[in-house]
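Both complexes shown next keep chain A, but they swap its partner, so chain B is in the first and chain C is in the second.
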Partner chain A sequence: MAPDPRFLEAARAYRDELVAAGLLIPTGVPGVMGRGGEFEDTLDRVDALVTRFGASDGATVMRFPPILNKLTFEKSEYLKSFPQLAGTVHSFNGDDAAHRALLHGVEAGTDWARDLPSTDVVLTPAACYPVYPAVAGVLPANGRIVDVLSFCFRHEPSDDPARLQAFRQREHVRIASPEQVASWRNTWFERADQFTAALQLDARVEVANDPFFGRGGKLLVVNQRDQQLKFEVVAPIASSEWPTAIISLNYHQDHFGHLFGITTDDGATAHTSCIGFGLERITLALYRKHGFARERWPDGTRKVLGL
Partner chain B sequence: MNDAGQLADGIRTVLREHARLAIDPDGLDDQADLYQAGLTSHASVNLMLALEDRFEIEFPERMLRRGAFSSIAAIRSAIEELTGVDA
Partner chain C sequence: MAPDPRFLEAARAYRDELVAAGLLIPTGVPGVMGRGGEFEDTLDRVDALVTRFGASDGATVMRFPPILNKLTFEKSEYLKSFPQLAGTVHSFNGDDAAHRALLHGVEAGTDWARDLPSTDVVLTPAACYPVYPAVAGVLPANGRIVDVLSFCFRHEPSDDPARLQAFRQREHVRIASPEQVASWRNTWFERADQFTAALQLDARVEVANDPFFGRGGKLLVVNQRDQQLKFEVVAPIASSEWPTAIISLNYHQDHFGHLFGITTDDGATAHTSCIGFGLERITLALYRKHGFARERWPDGTRKVLGL
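Here is the complex of A and B:
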């Protein structure tokens, strides 16, 4: 759904303020932003706060590069749901003649990249994707909890500073029986509430849906909302009227368990769920709520961030 | 066997091949809730596309709802409406 023109106007204005304050650095491509030193410092503190909220779970930490095995990507059925958001990686492997043709294309301003063959990797669309093949097989009795952080790519160029094409997601992923997953979700619902309260953000929880593609996608959206499989914690960034999702809680049922052959210790297909913290978005929500002068943020907010 | 019975058999075949239900569709009553029988969101999309292929139909947007695929009877009535078959 296209955003309201008034929202986009507010988003552009706020983006310009963030750039003028040195928090974001434009690159010439909509939705691709550098981060200034202070922005990055705040983001690191937000990330550390997520660590503290999840610390008692003893999650297995995994860190992957922001590229994903193409076979994992194919297996995940991402292209069925979100072909419009995918980013694939291509590289040159021709001879001298092909090299000359490539350079000629660059000079002539043609779509030179069209002739580059794909590689074995794609850009990571969500931080949890590399986790599922890594936990394939039979789970321990308590299932697993995995902690991941990755830059993610979504092809959705926008002037909204909160809709970046490349951004960091910190996630906890639960892979277990349906009952274990349900209990874990309830715990994180409470924690997410405490998390935004600690940062003194004006946040609320909403039932949400993913931007599934096409006619099949319409059915997926209806199913997802009816079954309340996705929740978002939203807070104002560009606009108070149209707040932005800063945290999402997703229940995949047995989708990934089935695709990647993950089973519980009694042989049933595992269910999975993840909570994703949009680190740039939470950071932006902090600047929106408390202003650009970090030294004047409320004492409580400064304290939980270690400022 | 009447048309309605044949149609239901055809739907059961598609269910068996595409819906990944926890139980065999032959053991399902026409009114049984397919979601209760293990039909997931993603499987319901596969089911929809497979039904379109088999019965040479296209579900219009108004039918892209959870209820349209909730039972064999619901699927049958949607297909009958789209193909103009009055069973």
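Here is the complex of A and C:
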């Protein structure tokens, strides 16, 4: 669904304010922004706060690069639902003559990348995707909890500073029986509430849906909302009227367990769920709510961030 | 130059040890590895140590995502020298019918990504590339020093755990007059020495060259080495006989100043130089030198890392 023109106008204006304050650095491509030193420092503190909220779980920490095995990506069925957001990686493998032709293309201003063959990797679409093949097989009795963070890519060029093409997701992923997953989800619903309260953000929880592609996607949206498989914590960034998702709680049922061959210790297909913290978005929500002068943020907010 | 087969054998064996110890996590693609929690924690501490060594410079901190404006990339002339290492990003922009064809391609095992159009971004080849357009124009009298870090991509699938396709470079970039750049380089030559000594690594400095492409590349190699434009600090990772570059000091003369229109305050084209710390490689060199039991690393090494 295309955003309201009034939202986009507000988003553009707020992006320009963020750039003028040195918090974001434009690169010439919509949705591809550098981060200033203070913005990055605040983001690191948000990340550390997520760590504190999940610390008692003893999650296994894994960190993956921004590129993903193309076979894992194919297996995940991401292309069925979100082909428009994916990014494949292509690379030159020619000889000296092909190199000369490539450089001629660049000089002539043609789409020189058009004919480059694809490589074995794609850009990581969500932080949890590399986790599923890494835990394939039979789970221990309590299932698994994995703590993951990576840069994610979504091809959705936008002037909204909260809709970046490359952004960091910090996730906790639960891989276990349906009952274990349900109990974990309840814990994180409470923690998400406490998390936004600690930061003194005007946040609320909503039933949500993913941006499924095409005509068939409409049915998937209805199904996802009816079954309440996705919740989002939203807070104002560019606009109070149209707040932005800053945390997302997703229940995949046995989708990934089935695709990647993950089973519980009694042989059933594992269920999975994840909670994703949009680190840039939470950081932006903080600047929106408390202003650009970080030294004047409320004492409570500064304290939980270690400022 | 292809590596010695004995080096590759040693590299494969060492990669398997790192995986068995939980420090690296295989993903099925050579050179695309996840990082275990302890590895990542050590890497963060190495990064913090770089911060301490550069702290007195008052560098401007900028952080960029792993994707780069394709126009910046074209302007940088990276494709002239290293077409074989670059990665372009492509994305689907078709309708429902094209989507069905795409999914058929995936099911049939064809190269479904082959015909996807390229986007406005490429993978970031080196952490300093987005800095040059960000500082274009006239510099202040003292020039600039920028502190940058990003995931970089090089398409060079390898079994060597130190030759990753996606890895983090922490860089300091000097943009100034030739004299200011020369003085800054001398400072970092000394600091690099102190840095590896603090970590108690068996490191040494060497004149080096970039892997320029093709027949024309051979001349560029000779020129770069004759003029001593590139130095590397090398230390053993997979092999003591063939150590690996862990820090790289590059002098670009007026190459980037010219391409991106950066001038000193007296109107001359700015010179640039950067020092790049390979964070994964330094971390790997630490495990190689001091062993997989971090709690038994030498007291001095543990102390500078805050362990």
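We adopt the following convention: the second predicted complex is superposed on the first by the 307 of 307 C-alpha atoms of A that agree within 3 Å, B and C clash if a C-alpha of one lies under 4 Å from a C-alpha of the other, contacts with A are read in each partner's own complex, and residues count from 1 in each chain.
Assume contacts are C-beta pairs under 8 Å (C-beta built on N, C-alpha and C of every residue); 3 or more make two chains touch, one makes a residue touch a chain.
The structure displayed is predicted, hence computed values, not measured ones.
Undergrad: Between chain B and chain C, whom does A:Trp184 touch in the aligned arrangement: first, second, both, or neither?
TA: It touches nothing on chain B or chain C.
Undergrad: Counting touched residues of chain A, say whether chain B or chain C comes out ahead.
TA: In the superposed model, C touches more residues of chain A.
Undergrad: Give one of first, second, both or neither to describe whether A:His255 is in contact with chain B, with chain C, with both, or with none.
TA: A:His255: touches chain B, not chain C.
Undergrad: Classify the contacts of A:Arg215 with the two partner chains as first (chain B alone), second (chain C alone), both, or neither.
TA: Touch status of A:Arg215: both partners.
Undergrad: One more residue to check, A:Asp120. First (chain B), second (chain C), both or neither?
TA: second
Undergrad: After superposition on the shared chain, which partner residues are touched by A:Phe277: those of chain B (first), chain C (second), both, or neither?
TA: Neither partner.
Undergrad: Once the shared chain is lined up, is A:Gln224 touching chain B (first), chain C (second), both, or neither of them?
TA: A:Gln224 contacts chain B only, not chain C.
Undergrad: Under the contact rule defined above, give the chain A residues that sit at the interface with chain B and also at the interface with chain C.
TA: Touching chain B in the first complex and chain C in the second, residues 80, 215-216 of chain A appear in both lists.
Undergrad: So in the complex, which bits of chain C are touching chain A?
TA: 25, 27-29, 32-37, 39-40, 60-72, 74, 79-80, 83-96, 99, 102-103, 106, 111-114, 116-123, 130, 133-134, 147, 151, 153, 155, 157, 164-167, 213-216
Undergrad: Okay, in this complex, where on chain B does chain A touch?
TA: Contacts found on chain B: 20, 40-42, 44-45, 48-49, 59, 61, 64-66, 69.
Undergrad: Inside the complex, what are the residues of chain A that reach chain B?
TA: 77, 80-81, 215-216, 218-220, 222-224, 226-227, 229, 253-255, 258
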